[in-house]
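Chain IDs A, B, C and D follow the sequence of writing; residue 1 opens each chain.
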């Protein structure tokens, strides 16, 4: 029998399962960093973590508190400058997986981290901005997005495209000349979404135990498609939960 | 009374006198490197030597045998990559003096290190090529050239412009957009030449002791102008000679 | 060659009203002490530039020092919003703040072009996003060999760049290690520079993964021990994570913010 | 992830007839052992690329392995001419050698563009020289912001880059220090790479001023102790300056050269 766990824990565990030994992963801060380190301490000890602070092959023994945490430099195979991490490592397509979060995501997996509201000059909410995300979303071989699913975060069209998912649909990434294949999965607290191979629309492919397709639909700002093969996510194993909780406990340290 | 010395020794000593404490100097190999290190051990202990191998602030205790000699890395303030030395250090105009040699130099101080003969595809002599010289000649605040003077090396027009001195005369450097002011002096085994302020033609401004303007003219492939203020170079001091010979003796070590 | 000065002297000499000012630091080595001295000296109308404007820029903006911000990510890392930044953008308090917004890759390349003495840099970036529509500093450029269209961004060549580093020697050679960020490029891109350091030592022994800025490439060096607090200086101090969380509450309210600044910045003597 | 192989296996897998091949090293860490193995394996029609082609390229050219050379300075450093290179250019012996000639700044930026996944690089260079007239790989480019005209050079993206480094760990992470040259960029620009190392160690402790190439960024690693002789590997060997001088006499005469190569390369077993 499996211990009780929260929806956030299930989301993080499901995200960690996207990484494999040898995968080279460009890690955003927050949920992606937690998931990537969980993967490193469970199924994928040889995952290669790259942070935009220029730390390549970081192996922190606790959760870094920011992408510039000193533990990343201390444990990295090599520390490079920020221009180098973008130019030599991200831009040429050397990274397998870009691991991002978002403030808003839309039907075509476009990401907004810039402004809420449609008037850029007079926003309802000014968000932090692009950071490394536009080029991570463009150049990594594939992208994994992790964020909590609500009607405010899962919208039909993002107010501002900070980072391109599939633009306005099939063929757009190629037309734009983006080298990576775009978001492969979006992992939420309700389930797992993937772009439909034909339409590029995010579609529910798995629900986490205890959630239903209806729950996910209710948390989505467009009529969410559901895969005919809808799966149920394996619940967190004891090991996954144990490691995750021990990692989370290092945050205050 | 001064010890006997060779014309090459006089040339190197005269070149070394071009460098001052605090001068940041981009050093070509061969005669320039000997002169730059002589300056460092005599009049200018705080001259900053930069080699194109990426060694900034090198302080070798012997003459480096090449621009990639390990002693340069071991004694440098910092070692950077070759792209960086050209892009961050040379190109923006941070270097006071570029110290070059040449296979041929012409009336307007243009330098050839590429081919002898006017057919590039079918040269009489294939020389090593450009190396760092074109951009050193373009971007250093000023350039000092050291080479032995013969009618074969001092020609009316070089067979191939590898590095620009004053092009075809006054205004050419500005027209070409070159940021540095070009060759300030050319130091030979006969004397010291400088560009005429009006015509930009190399003109004899000083003869070394024992040489005459006639000697220099005979060693020049164009009708060499002579300054009305023709000076005589101070002979090497005992210290200069002593240090130079001790440096040269380290070459075989 | 760099001149070794006190922090107040350095700020007075290097930073003038109306300047374009860079203060870089990627979580690590953020020059807080220098920022506070700028606030105390009352600089106005600054164009602030930084990839990751954080608390020290929130403070400069909230104290009315800035009229424009050039940036790529403006947040309190690991905590949330920058409330003074948001108040300036959303409500023009205390002054309107013009934005010039880029991605990290674009900003890094803008510094790189500045450090290289080039007027622009080329990258694969921004395509398909809504960022180019908001600025004239993102333009297409065509490869003269392949015909491929890429993106150009203009060089950043600030009037002055300020960074914090671990140490310098008496000649003014500066050494830093740990997370390197874009500090070297930001210094080399600037007309003038001021580097605050934890200490001045007789000689710099090499450190793994270091950056050394030779004295001839910088303008002023000032000693400011702890000058990166609440950020950290690897080998000298740890990040004060608690303060980043506390800042959220301090900065949320205008009066609380002003009171805190008065007590903790305006009335404090500058670092020695 | 890099695969650890023997040198003959590595050359057989990485270098094919007709390839564009980079072997870099700026006086330091020149991959001679790898060059000799290429000669023994009889590769033909190579486009050789290197900023400073020296003795090992003189040997490859003299043995008929190359049809083209892309370079910026071809000499015997501190000694004089490369006679096999000159004989190929001046007399087409043993084969004609096409040249594509640049400056160091241009070559360095061509590698940098390749390493960055860009089709070209921009620099201030070549203006007023006779170099642009001899190649179509130097073209003007206009800044889209200032209108200033600069110079563009196309990226180098070789089929394979070979370098020599001090050491690697068992996962294939490679470490080098001392004069760094353009080796990192040359490896990152290539489709495949082979790095010969002095030794493989259990773990890499950091060295001052190091470059580390992570295993995921390279293809093959082979142990070749002394593999940079007569060049040197800082911390492992000294430059054999005498050999550079001797090479002048060995290489001046075609027969002497061929005899030397037969005795010292063709009949030698490859490095273990």
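Here are a few things to note about the model shown:
Rule of thumb we're sticking to: contacts are C-beta pairs under 8 Å (C-beta built on N, C-alpha and C of every residue); 3 or more make two chains touch, one makes a residue touch a chain.
A quick note: this is a predicted structure, and the numbers were derived from the prediction, not measured.
Steps from subunit A to subunit B, minimised over paths through touching chains, total 2. Each chain gets a centre from the mean of its Cα atoms; for subunit B and subunit D, those two points are 28 Å apart.
A separation of 40 Å divides the Cα centre of subunit A from that of subunit D. Under the contact definition stated at the top, the residues of subunit D that touch 2 or more other chains are 117-118, 123-124, 148, 185, 209-211.
Each of residues 78, 87, 91, 139, 179 in subunit B touches at least two other chains. Contact between chains, as defined at the top, is found for A-C, A-D, B-C, B-D, C-D. Considering their complex, residues 22, 24, 48, 56-57, 77-78, 87-88, 91-94, 139, 179 of subunit B touch subunit C.
Contact residues on subunit B toward subunit D in their complex (touch as defined above): 29-30, 52-55, 65-70, 72-74, 78-83, 86-87, 90-91, 114, 120, 123, 125-126, 128-135, 138-139, 160-164, 167, 172-173, 176-179. Against subunit B, the residues of subunit C that register as touching in their complex are 1, 115-118, 173, 184-185, 188, 210-212, 214, 216-217.
Subunit D meets subunit B in the complex at residues 26-28, 51-52, 71-75, 77-78, 81-82, 85-86, 89-90, 101-105, 108-109, 111-112, 123-131, 134, 148-149, 178-182, 184-185, 209, 211, 232, 234, 238-239, 241.
By the touch rule above, subunit C contacts subunit D in their complex via residues 117-124, 137, 139-141, 143-146, 148, 150, 152, 154, 206-210.
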